[in-house]
Each structure stands twice: as structure tokens, then as C-alpha cells.
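A quick write-up on the structure given underneath.
Residue numbering begins at 1 within each chain, and the chains themselves are lettered A, B, C, D, E and F in the order written.
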Amino acid sequence: MLVVGAHSADFVWRAAGAVARHTSRGGEALVVALSYGERGESGELWKQPGQTEENVKCIRHEEASKAASAVGARFEAFDLGDYPLRVGPEAVDRLAELMRDFAPHVVLTHPEHDPFNPDHPAAHAAVAQARLLTSGAGVASGFRTAPPSEFLVFEPHQPELCGFTPTVYVDITPVFERKVEAMAAMAAQQYLQEYYRQRAEQRGNHARKVTGDAGIRQAEAFQRLLPNVVEAL
Amino acid sequence: MLVVGAHSADFVWRAAGAVARHTSRGGEALVVALSYGERGESGELWKQPGQTEENVKCIRHEEASKAASAVGARFEAFDLGDYPLRVGPEAVDRLAELMRDFAPHVVLTHPEHDPFNPDHPAAHAAVAQARLLTSGAGVASGFRTAPPSEFLVFEPHQPELCGFTPTVYVDITPVFERKVEAMAAMAAQQYLQEYYRQRAEQRGNHARKVTGDAGIRQAEAFQRLLPNVVEAL
Amino acid sequence: MLVVGAHSADFVWRAAGAVARHTSRGGEALVVALSYGERGESGELWKQPGQTEENVKCIRHEEASKAASAVGARFEAFDLGDYPLRVGPEAVDRLAELMRDFAPHVVLTHPEHDPFNPDHPAAHAAVAQARLLTSGAGVASGFRTAPPSEFLVFEPHQPELCGFTPTVYVDITPVFERKVEAMAAMAAQQYLQEYYRQRAEQRGNHARKVTGDAGIRQAEAFQRLLPNVVEAL
Amino acid sequence: MLVVGAHSADFVWRAAGAVARHTSRGGEALVVALSYGERGESGELWKQPGQTEENVKCIRHEEASKAASAVGARFEAFDLGDYPLRVGPEAVDRLAELMRDFAPHVVLTHPEHDPFNPDHPAAHAAVAQARLLTSGAGVASGFRTAPPSEFLVFEPHQPELCGFTPTVYVDITPVFERKVEAMAAMAAQQYLQEYYRQRAEQRGNHARKVTGDAGIRQAEAFQRLLPNVVEAL
Amino acid sequence: MLVVGAHSADFVWRAAGAVARHTSRGGEALVVALSYGERGESGELWKQPGQTEENVKCIRHEEASKAASAVGARFEAFDLGDYPLRVGPEAVDRLAELMRDFAPHVVLTHPEHDPFNPDHPAAHAAVAQARLLTSGAGVASGFRTAPPSEFLVFEPHQPELCGFTPTVYVDITPVFERKVEAMAAMAAQQYLQEYYRQRAEQRGNHARKVTGDAGIRQAEAFQRLLPNVVEAL
Amino acid sequence: MLVVGAHSADFVWRAAGAVARHTSRGGEALVVALSYGERGESGELWKQPGQTEENVKCIRHEEASKAASAVGARFEAFDLGDYPLRVGPEAVDRLAELMRDFAPHVVLTHPEHDPFNPDHPAAHAAVAQARLLTSGAGVASGFRTAPPSEFLVFEPHQPELCGFTPTVYVDITPVFERKVEAMAAMAAQQYLQEYYRQRAEQRGNHARKVTGDAGIRQAEAFQRLLPNVVEAL
């Protein structure tokens, strides 16, 4: 499983439960952050007098690594800069190369649109392109390919305004404490911990309503961008 | 698994493979036809001189029963009339009662829109309402309920014009011969057999492209109307 | 060509130019009004003291007949009542029967949605159903059919809010005076004459912009609901 | 302000804050419940042995009246039955007559679609039609009209799946305790109180993000169905 | 209030009334033109023999300044070239810096799509990105921010084909003469003056229909891209 | 008629019939390939040991020229590279210049979206921009223009997932053998010949269903992006 976020903390709020669920079953997960969100998403840190961009990045790297560990994933940073995140051809190629090496069965990233954030759509576009450059057209190619992967987007902060419609709820009840731990590692964005704890409970409520399964307490929502191929319904 | 069609042959073209896949694994399947399609969809039969509606219905009942058998399903007809199919409150209640008794894990029917057929949307509306009357609001109710079921629509004849976007491909390669047999039973609509054989191959091509699995030869396409709740991605 | 409006004046504002263009080339056109719009759309008439519904209908019949004549069409009224227009199964069947007899090559009516008018969507639904009951499934049927017709909706009063997107502009420049004459016949809705004169000019501007043809001065906009089959592009 | 819900508790979860905000400024508010939700949405009550529909309705009436009082509104029940709620022509006319008498400046109800509830869309359709029958076509009419009103839908339980996109956030911070009190009155649906308390906080978070106004703690989301006419931006 | 157009005349046709309404109440307005529209939108000027790009720009600058004055706004030109307008990172940063200095409460620009104009979508993308770079994520940032602003798009030439749906009508009746004066200043595009005079009247008709307020004669239409936060409905 | 594909074979599968229909009536057709698809879409060729990019391009050029000849068109290659196809400003200008010289009455290319192919959307964007740079704003311009052209997109491989909805079916029955011949020329993608033969038959079925014309055996589907201006319906 590969999770690509525009900023180093994105995977925590939006997909840490799905990551933990995957790794707790023995799966491997890699988190890539295209930037540290050092300028636009590190509110608490910038309140400290004399703060510098380098120091913010350092702290953010540590926090994200710790959060990734909490859910059993590796963390890798591209450090491309934020606000704006601009992902050039070389970075797309680097991401594609990483996909060829890692050969994920699932790729998770931001939705295509976000009227509140300039970097999330840039991350989406880069991931979508890298993934296609990796998979080729399903035939023999003049370049190295990886097996096709599933492609989903995780939940944005204001879902309806990003055109996000959930098509998959992942039951994260058994690993919820690990998501809480991962969120706790993001000291610079404490105000989001309660927000995403509540959101997990609401999505849990939604998943219970769909299935009638009272055992589901917390869930994460995703939107699948490509059809799901199954053996039977 | 419950499949509800506006006319007795609808399930054959659009979902016989998914039915066969389910029953071949030991699952139970029930096909309900709201009408026989006796007036509007029995072209070949009406070319016979002296043909009557009763006789057409008779033949259509036999054909559909045979097709259902071919894929391991039971067939039940509501005989509500076609062109137009008008499903009143009593028929909705009958359908709801049937759902309470049968308690399907999946319900399949037509999409909500079809600019080429007046009966398909009527069937969709009836099934959607009956299903909700059956499931209640996920809490204790003042009426008998069934466990919540998944809800998908099968592929219409001209998918893009019905607003149909596939979200699930079912690989029907292992049971394709049974679908062919079911289609062969619909003698009154022979012209559709080649059409839906080709369509199964095209959807197989699409499913191969998504998964890279060269073993998939035929598939059927469905659109899930409610999110899928899963344990992990 | 068959034009069906919820109220007797609808065809004038929205399609009189297309009707005139068709009849001026020798085509036949029939206008059906499901109601006279006697309660909700006869503003000026109700300002007269002692006005009655019967009298309003009478005047509206005359006006509509005159307007239809101006553009070379016949006018027929179903008189089903307005605000609300409720089109029952019998009226749908009557409309279908009329379609079987008249066998139009094009059917024009209101769009499916209109947040400002309760009767326009009711008219759309009735026309769409009658048309499908008439055309059958493209195979031999157990009922009398008419050849398939094209199906378009004409422009509503506030197009964007009705989900109307033009896909066809009809150049009505050569017959615009006949549309003006038809509009002038609707004495009860004088305030709309200037509105739709301006609208014809704007659509003319749009059509000029699409084609570069400076000769187009007035146009009417339509949205085609089914694909157009052509011999070549 | 007029709020119409399919069931007697709907207004509490979804619009009690906006009602309280309006009445606390001296505005008048009327809540209409088309049914009591006695069969499908009274979970706790049906767990009591020997429970009857009449008794459930009684309790629900009291609860809703108390909740309405808490936010300064009057409560009126149409008692049309739930699961399914079927709103016939007479009930639409009764609602229209009520609108003519009350002449609300704003009408609030459910969104047009809800794949989890059969009664919410029925309520929407009835309110939309009654409102149009009341407002007429903006000209003199053959029936009594009320001044045009604004028309908004309130937030459904699973917003993205109902096609709900917020276009207005109402800051309910100053009256949030009154909404809490109204929710507390709905003893039969205690499990929803925490859910909608959290939702108010999330919408507060969203409204803060849009405005930068840190004073907003709780909000309710609405979608406006018609354009807003303003004097200046 | 900040209005950003791809070409120097865009603000006149689409937003001059809203600007005049704002300034006539004592508000401040700044108009930014990313280009002069010197190549693609200066039809009349290019008919003069020996015309040069420099001269066209000069005339366009004067016209736009005069039009801006007529509605009480300042005019500033970025002169980035048109057909195509290509807005690089530096120009986005310049626009962001301007937003930080000017701190507008409302930002107006073109819609995201326009199948008739290559420059309008480029302007939209630049404005949207600059605005987000300015507002930050609603928390303390590593860069200078401005308070969040409202974000609306103004009406394009063929609204339905640009996906434009009005959500706000601004009543410009009291300042319409100032808009007429501003339009008159655009001598190079006289053919648009009548077009946009008519459009203002039609939007006035629409706004009257929504409100029943017969005093509204002219209006401009806008689409709000972010929810509106209000104190009460 | 101008057809622009991202790769040299695209026009064959998707538009060869419409091209043949046009040229068989004496029309002129030019096919432009932005790349040869040498890396991502030349599966069979890369199976040969020692294959090189140059050699693949050579073969692809020959194949495409032969296919173009089969349907009476000229073939021109831009050779911009594939997977990824990156179309810079110079290539857009070259395309625009070509459009000014060739002055096509119709431009055909890929749809705007394709979740399976990174190059198709890039081709669409380039063609759309070049076409607008060519047509100008419908007024005298400071650059050379061509007369406005119609703009349609051809059918992608998985239509629903690319947001493709057919609005025009071209009956290619009389020229189908020429399309078969063109497809046969694409030796490197033999697996697609059967796929697109079947698709032509399905679209023929759809076109028959729309028109009732039993003579239509094969068709191609297109989506028109701009309204069609006609003299009469």
C-alpha cells in the first residue's frame, strides 16, 4: 500500500486507520510526503519566536516518522516545498520510479479538487500521472512497468466542497488506538485531533447504518476512482 | 441474492453471470420479474399470426424459468403488465414482504434512468422503495425488517445515456457457458444474444485492463449505489 | 413536428421559431397544450373584475390558435387544468394515441426540471412516457407503434436553474417576423414579448459566435435528449 | 420561517439552531411534521413491551412540541403515516393553504434525494410542489398566492450520498444551548444527540475556515435551491 | 472588492454593476486586468489600417481606466499578453502579493471553464491559486496572509456552456446608468453594449421572479464557489 | 476534417469510419498524431528482442500512413514522445498554425478525461487550446484566424469512466470495410481489431434503436462539445 500526501501530516488524519488495518494483517505500507507543509500547515510551530523553515521541516519529519511507525508504515519525504507545492516532471518521474520499485497493490492520495488548499490538487495530479506512467497500457511497453494498482482518494477536510463521495468505508475499529497514537504525534496540529476523532466516529455511524453491524465504531471513508473487479457479489 | 427486473428476460442479459457465480459457490438466488414484457419486448412472438397476450406470457414464463434454472436461480413473476409497467402501493408492499422473507444480502435491479424504456425506471423506483421499507432506519422499528442489503444496478442497454457508470466488474469467466445457456433460452429475443455475448467480452477486456489479470475473459458491469464497507483495502 | 406545452402559451415563447421554420419548408406541425394555464399564467386577464376561469380559458384558446396559425401549426388543447397540472394515465394514453396517429419526426417539450414551475416537469414526464409507449423497444410489439422520433426540450425561462444546456441552435432569422406575430397574439402575457425577443437575439449572438455566420440574427435554443444519427460529420 | 420534516424529529437535528437564531431575533417559526416517524424512527419506544402505534405517536407529539418550544417555534403535525410516507394531492393542498396563511420568508425541508430513507424525498417533493402552487408565476393569478419565499434544504444524515452540498452555514454559536435542549427532548432517539452535537462542531470548524472568525463554534449547513438576491456583495 | 479579468474589458460587461453598487456605499474596489485583450478582443481597433499592438494596448488602457472610474474603481494592468494568456509562477506570486496588500473581502473572476475562450480559464486558475496562497490554511503560517475572502465568479458570455449556474443576483437598478457609462467607454467592443444591456434586464427579470420585488429592473448574476456564512436565515 | 490523436493509432479505432465517410463524399481529411505511441502502445513490437524506439517509430509511421490511406486521409506526425506526452507552447502554436492553414470544418480528438491514459487528456488540452487560438473571439483580431470549426471528441476505450456520453452516431455501414482495412494495418495492436469491430456493431445497434433504420449495421459514437447550429429541426 502506497499513500501519497501533499504535506507530511495528511496521511495521518485521512488514512492512518486504513494503513494500520493493512499492516496489522502483515501488509507493507509506504507513506510519501511531497512536502513537509512547513509554510502553510505548521501553525503551532510558527508561533514560536525565531522559528525557521529548516527547523519546522526537521520537527515535521520527526513527527511524521513517529506517526508512520505508530501504524506500521515507512515514511519518505520528497521535500518539494509547500504553498505552493509545484511538482515538476522530475518529481513525477521519481514518484513513478518509486512505484515501479515498490509495486503497491493500492495507491491512496488526495481528491482531484479542493477549493481550500492549493497543494492537494497538485499532489493528486502528480500521483495520477505517475501511476499511469508506471502501469502502462496493459500491454508490453518500451519501459519498466508495475502491476496495475487500485486507486482511491482519501477524505478531504470539507468533503462535499471537494466533490468527494464515499464509495468505501474501511472499518478501523480494531486499530483505532493506533490512529489516535499517530494523530498524537502531530503536535503542531493538535486542533485537528479532536476533529478527526469525531469524523472517524461519524463514518463509523455511517458504516453501521449501511451494514447493520453494531460492532463498527470507527471508520475511514474513501472514494474508489476505478471499478473494483470481484469474483462474485 | 435478489434480482428484480421489469420484464422477465432482463436478468438474463444483465446479471445472469453474477447469479451463476453466486449460486456456483453455494449461494441462493431469486429472480423476480415485475412483468413478462409481453407487449413491448416479445418481438419474435408477435410476428406469429393469431398471437395472444396470454400465450406470449406463457411462453415468456417458460423461457425465464428455464434461463433461471440454467444459472441456479428460482424465478417468480408478479405479472403487473408492461408498456407501461405501473407498480402500485400493493405491489411495492408485496415486494417488501418478499424481501423480509428472503432477506437477500444483495439486491440487483435497473438503473434509475433509461430514456429508451418506460418500465425500467418504474422497476427501479419500486425496488428502491421496497428495500428501504424493509430495512428500516437501522434501529428498532414498528414493523418487521430484514438485515440491510447491498444495492447495485445492472448494466442497461445504452449505458452512457442512462447515467450508468460501472463501479464493479464481476469476473464471469468460469460460468460464462451457463450465461450463454440462459440467453439461449430466450428464444423470443435471439437478436440480443450476440449483443450481450460481445458486451461480456468487452467488460472482460475492461476488467483485464484494470487488474492486469489475463485470465478474465468475460465480465458483467454493475454500479453500487451505497458505499461498500470493508475490513481493509 | 409535435410540440407539447404544459400551458397554451408555452410553445410561443420557446419554439415558435422552430415551428415556423419547419412549416415554411412544407412541414406539418401540431401544438398540444395540456392546460390553458388559466389559473397561473394569465396574469393580465385576472386583473379584470368579474373574470371567470371559463372565460379565461376561452380567451387563451383563441390566442393560442391565432399564434399557432401565425407559424403554420394546428393547435389542440387537452384542458387538464393547471397549478397543478396532474396528468393521469388516461391523459398519457391519449397523448400516446395522438403520437401514433400523427407520427411526428420530432417531439418538443419542457425540460425535466423547473424549480419555478410545478407544471412544466409534469408535462415533461407525461410526454416522455407517452413517447416511449408509442415507440416500443424497436422490435415488433403487442401494440401499435409509431416510427421513433427525435426528442428535444425547448428553453425554459431561467435555463441554468433548470439544468438546461443548449445543444442545438435553430436559426430563425428568416421567420422571426412570424414568431413576433405569434407572440403578439398572447395579449395576456405582454410582458414576455420583449423578454423573448431579446432572448432570440442573444441566442442569435451565440449561434453567430459558434458558426461565424454573420447572417444569423435570431435563434432558438434546444437540448437534444437522445443522440443524433447522421450520415457524416 | 417554515420548517417541514417528514418525521416529527427531523427539524431538531437538522435545523433547530437556525430556528432558534431566527426566533431569538424576534422572528416567528412554524414546524410542520408530515408524520410522527412512529413506525420507522422511534427505535427506543418500540423496545418497550406492549407498545402501540397510538402511544408512540402520542409520545412523539409531546417530544416534538417540547423541542419546538425550546427553540421558540410552534409545532403542527399532519399525521400522514410513515414508512412509507405517501403525500396525496389533498395533503399537498393543505400544505399550500398553510403556506398562504403563514406566508413564510424562508422554507426549509429535506433534500430531493436520500438513498437511506423512503420518506425524506416524498416530503421534499410535497413541499416543493406546495410552495410553487402558493407562489404562482410571479404574476396575477386565478388563486390566492403568498409572497415568494427562499427555499433551502437542511443537512441529511449522510450528506454526500444525498447529493447535498452546503452553500450556507448558519452560525448557531449563540443559541447552541437551545439546540442541545431541543435534542434532549427527543428521548426516543438519544443515540443521535451526540452525533448531531459533533456535526454542529464540524460545521462550526468549516465555517471558521471559510471566514477566519474564531468566534464561531457551532454551525448548521444548508443548501439554497434558488439564487439569492442581494443589494451588494 | 477585487475583480480580476483576463482582458481589460471583462469586468465591465460582467461585474461593473456590482462594483458600482459596492463603491456607491463607500466600499473600495480594485480591477486587475491580466492582459489588455489586445490581440483577440479588440476587433474594431484592428480594422484600422496600420494598427499596432502597442497602440491597441494604449487605447485599451485608457478605455478600461475610464470605465473603472465610471464605477468608482481603480484599474491596474498586468500586461501578460493574450491569446494565449499564460500566467507563470511569478505572475501568480505578484497577484498573491497584491491580495495580501489589498485584503479584499470579495474576489471576483471568470468561471473555471469556457469552451469559447482560452484565456478565461487561465485567469480563473491563477486567481484561485493566488487567493489560496494568500489565505493560508486558516492557521498561523510561515508567510504573510490576508483575511479569508469570499470567492465568486461572474457571468460568462454563454453561461450554460461554461457550467455557470447563478447563485447570487445583485440588484444593480440604482447604479445601472453607471454601468451603461462604463460600457460606453469600451469603444472597441460596441457590439457588446446592447448584448449586456439586455442581459442585465433579463437577470433583473429573473431576480424579480425570485423575490417578487417589482422594483428590480437590472441585475448581474454571480456564482458563489464557497459557502456563505450567515448569522441567520 | 482534422483528427488529432495522442498516438499514431488512435484515429483508427475511434474515428476511421467517420473519416472514410467524409472522404468518400469528396471531403478532405488530415490526421495528426502528436506521438507514435512508441513506448506505451506498441505492445507486440516490444516483444521482439533488440527492439529500439527508433525502429518502433518507423514501423508505427508506416502503419499509420497505410491506415490513413485506407480511409482516404493524409497522415502527419508531430513526434513529441509518449508516456508521458508533454505538449509545450511551441507544439500548441504549431498545431494552431496547421489549423489556420488547413481550416477544418470539424476537429476531432480525445475526451478531456481518461483515468487509464496519461496522454489522451494532454492531447485534448492541446487541441482545445490550439483551436481557440485559431478561431479568435469571432471578431477581427490581431492574428490570423480560421473559420470556426465544429468540435467533437471520439469514443475512448472505457467510455463511462472517461465521462463520455454519445451525442452523435455516425452511420459507417457503407464504409465499414475501409475501417476494417485501416485497423488491419495496425499490426502492433491486433488485439484491438476484434474489440473495435464489436464496438462498431454495438454502436450500430444503438443507432438502429434511435432511428428504427434497420439498414444501419455499424456506427461510431462522438460527443459534440459545442452546440450545433441548424436551419431547421
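Things to note:
Everything below uses one rule, namely that contacts are C-beta pairs under 8 Å (C-beta built on N, C-alpha and C of every residue); 3 or more make two chains touch, one makes a residue touch a chain.
Since this is a predicted model, take the numbers as computed values, not measurements.
C-beta contact counts were set side by side for B-F and A-E; A-E has more.
Ranked by distance of CA centroids from chain A, the top chain is C. Compared with chain F, the chain whose C-alpha mean position is the greatest distance off is D.
Annotation: 37 Å between the Cα-based centres of chain C and chain F. Counting partners per residue, chain C has 116, 161, 166, 206, 209, 226-227 as the residues that reach two or more other chains.
Applying the touch criterion to all chain pairs gives A-B, A-D, A-E, A-F, B-C, B-D, B-F, C-D, C-E, C-F, D-E, E-F. By the touch criterion given at the top, residues 38-44, 46-47, 51, 53, 56, 83-84, 86, 115-118, 161, 189, 191 of chain A touch chain E in their complex.
Of all residues in chain D, those touching chain E in their complex are 1, 18, 21-22, 25, 27, 106, 108, 135, 138, 147-148, 150, 152, 166-171, 206-213, 216, 219, 221-222, 224, 226-233. Across the interface of their complex, chain C is touched by residues 89, 92, 128-129, 132-133, 136-137, 139-143, 151, 225-227 of chain D. Here chain A touches chain D in the complex through residues 116, 157-161, 164-166, 195, 198-199, 201-202, 205-206, 209, going by the rule given at the top.
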